[in-house]
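Structures incoming, each one as structure tokens.
Two complexes, one shared chain (subunit A), two partners (subunit B, subunit C).
On to the complex of A and B.
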């Protein structure tokens, strides 16, 4: 139904609301009860609410008793149901213990009506980075209700492997992937932000930050960009590359000093985080 | 400058609203700042466009430059297109995806060109490691039609690609093949998911949720809706940071009858918003 065409201010619903407030205001004006009666009104209200509360409490007790009674004479299937309930309760306790233990690895969680929401805080070299959450529903089977894990992290693979059998391992594995991704991303961002003077052109990267390609020089004042770097991170749980290829593009390729430099750079990229490599280039340049 | 290119640039610039003209031209970065400052942006649009096209001619704009301008215009007006979603998959147990954007682009273009000589392929890198691809299709005997291009938006190392609606359905298999092979996937399937809003599609397939609880908010402070005995008929407009979740919470909040129509609830779960309703 379209009320939008109504000419009066705000339409029919607003009009009805105005009538309602008018009515309640006129009621108030007619009977302005003296203080005492107002207090006794509140008193009656409190009494009514208390009675309602007691009634509901009694009902809850009755239902619990009924359940206990029915399970006492239960069929084998029904007892299985209860032990499943206990198993679920046990899982909750287990989860609580895991979360307490892993608090220091950036893992924390809070109870939800359905289960638990786990928060994974990533960090790299003492810098706190992004947080991700996984909302778990504690049922049989255990399932993920919501999450904020980026789509290129293999969450489905990890949960297929570990979620049902070993929650601990699932969380630990996911932590590993997310922390490693955050660390690689941090290095790439630092390189782009703080060492842009050493790079020719944009840093080529991808969503997982597991392939980086760039052309660089070792002195910000120098005019040529003699080195090409290609870094591959085939192990998604690490923040250092698994493959490093440095090529020299300069004109005097025959010079041995360039070859020495190239080889030493390769070693640096294998062993140190990106921004540290460039910090050392900068420091060497200052000498 | 080719007459067809000049015409193409002219028509593209004509589409740009005056309020966005400077922004889009700056994003294009083909006409330098100092040259743009010599142009009178207060004159009538037709004359402005003529001046700009003359500048482009003096700088010898190519089809490549014109296609890039078209991509930028479309990025600013992405809601004018209807976007479909394709889902790709890999064989299980494959190696880690070392996605190389430059290799993807050259592989993608190579596959198209091998099948079709007359095709214009252009790329523009976008935020979040994504790429916008513009494809103008031709035929064996005809040059590409620059006025009916297809756009593809692909986020690296994800299994989803967003494509703008294509009138020429015959080219879809080729496009699918190029996407699949270039991005190291094996299979591709079109999802029953379609929208003008790329961000919504992204949110659904990337399953991006933030942690805010979506509460039902009423402007009437519970006045008209509280303590009613009879149902109320009215038109309700829903807006929310996460609308589908808010709709789901209507039933538990006691405001709507449960269960909610599965047509609404299956949108995030199954990733579809396109339904074919048939007689039984």
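On to the complex of A and C.
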């Protein structure tokens, strides 16, 4: 999607640079007067500004109309007495709150002296999980000053592909990897924590949580652990496995019901999160 | 010239003040008076007391720029946010050093032309080992509701309480809608005689008609779908409308296989080039 990429490249990075220069000017400076010398350019600009101003005036009027009537009795003169300090303080609170709220979109952050520190939040099925940060230095080339991304996430690869051309894409991609990792880790942790009775020994996993192996049973009261599972998540941006191998290692190898169970388990592991598969085993066992 | 430059400056200052006024929850009357005040300050020269509020507004400017950065980055513009907390810790919990807090969040904003209002609850449970945060309820209200693809997506997000996916997919969905609109408008402008947008540029269909043979029509339907995992995908289809006579002459069954051929073309050329080649093939010999 070339078009959108170009827009973001121009949008986010250029935006940052613009904000950078704006911040170094003092507050009271207006924007430089337009450099266009052509009459018609100036005319169009005035026209556009007038339209925008009218639109904003209408918005302000609308806002005022929406506010509760109970305050309408206040004398107009009284409003001028509210100190600038208080008014600005209230606005500051609101803005700070909104900045905090951005974590619910998955990406939040703050300006630093070098550039910007972006915070990536992760979640899985409504569970809010760890967040990670990436501290970016606004220079040419853009670089990562430091970060809290785990070493087994392919950060170098992702930044080599996208960081210089499209910050937004870089961050979204990283977000995908981190969220998927957090989701896989959550499933493995839940399995270990809530269904240890169904496992023969601890769950074996790698740091990326994309290769899991365990031996399990489906009846809590059973003595043996007839099934052996190996789950591989080749696609690091997903929370469901790409390869599932279930082997039956019980002594009753000839019975067809074991084969049926084995096959149905494989299907379950492909389609449901790990800990939910065991929840359904537990529920079936109770019947 | 000078008078016009002055007008531009005055307009820009008023717009900045109006924008600030739009962002605050204020009692009536205050808006216009504070807009006036800000305008006055802008034209004032340096003064001692003003320097102090300058720092505060410098800080505000800092916050403003952070917000602007985030809304550009995520594509989501959050306008209002508030949270209330309720302590649900029972005495039994306290004995076991377990703390339970229920947070009620309210968030509203927009993603381009789509506005949303969210209300969700997060239950935080703190025990000796860990802190868990779970979204226990999610309600989403969206406007406008003419994007039918969105209502199914919204229900799914609510059911799964997947806030992050909601925002991510919404952003990409809107980007694709904008891209589709731009593409349709581009072709309408370039081939104004052949291309028609019967439901407008923001809709999902574009009709291509050969000006010389008005009985022949190609309808391109471009839907934007959000799948189970929240991935946003464009889905394009080609429908053909031809006179009965043409159908009878079509021995090679080109028309029947056209939709499939279009899909293949999309895969090879990409959306814009495929549409362009389709339009030009129908309008061969036309002067643009």
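To be clear about the criterion, the second predicted complex is superposed on the first by the 182 of 287 C-alpha atoms of A that agree within 3 Å, B and C clash if a C-alpha of one lies under 4 Å from a C-alpha of the other, contacts with A are read in each partner's own complex, and residues count from 1 in each chain.
Note that in this section a contact is a pair of C-beta atoms (placed from the backbone, for glycine too) under 8 Å apart; a residue touches a chain by one contact, two chains touch by 3 or more.
Because the structure is predicted, anything quoted here is derived from the model rather than measured.
Contact with neither subunit B nor subunit C is seen for A:258 once the two complexes are overlaid on the shared chain. Touched residues of subunit A, counted separately for subunit B and subunit C, are more numerous for C. By the document's definition of touching, of the two partners only subunit B reaches A:146; subunit C does not. Judged by the touch definition given at the top, the superposed model places A:211 against subunit B, while subunit C stays out of reach.
By the document's definition of touching, neither partner reaches A:162: not subunit B, not subunit C.
When the two structures are aligned on the shared chain, A:236 is found in touch with subunit B, with no touch to subunit C. In the superposition on chain A, A:225 makes contact with neither subunit B nor subunit C.
In the superposition on the C-alpha atoms of chain A, the part of subunit A touched by subunit B in one complex and by subunit C in the other spans residues 1, 3-4, 16. Those residues of subunit C lying in contact with subunit A across their complex are 1, 4-5, 7-9, 11-15, 18-35, 37, 41-42, 44, 53-54, 56-70, 72-74, 76, 78-83, 105, 107, 122, 132-136, 138, 160-164, 167-168, 175-176, 178-179, 182, 229. Those residues of subunit B that touch subunit A in the complex are listed here as 95-102, 128-129, 155-160, 205-211, 220, 223-224, 233-235. Put simply, subunit A touches subunit C in their complex at residues 1, 3-4, 11-12, 15-16, 19, 22-23, 26-28, 30-31, 33-34, 39, 42-43, 45-46, 49-50, 52-53, 56-57, 59-60, 63-64, 67, 71-72, 74, 76, 79-80, 82, 84-85, 87-92, 94-102, 104-111, 116, 118, 121-123, 125-128, 167-168, 171-172, 175, 179, 238. Those residues of subunit A that touch subunit B in the shared complex are 1-4, 13, 16-17, 20-21, 117, 133, 146-148, 150-152, 204-208, 210-211, 213, 232, 234-236.
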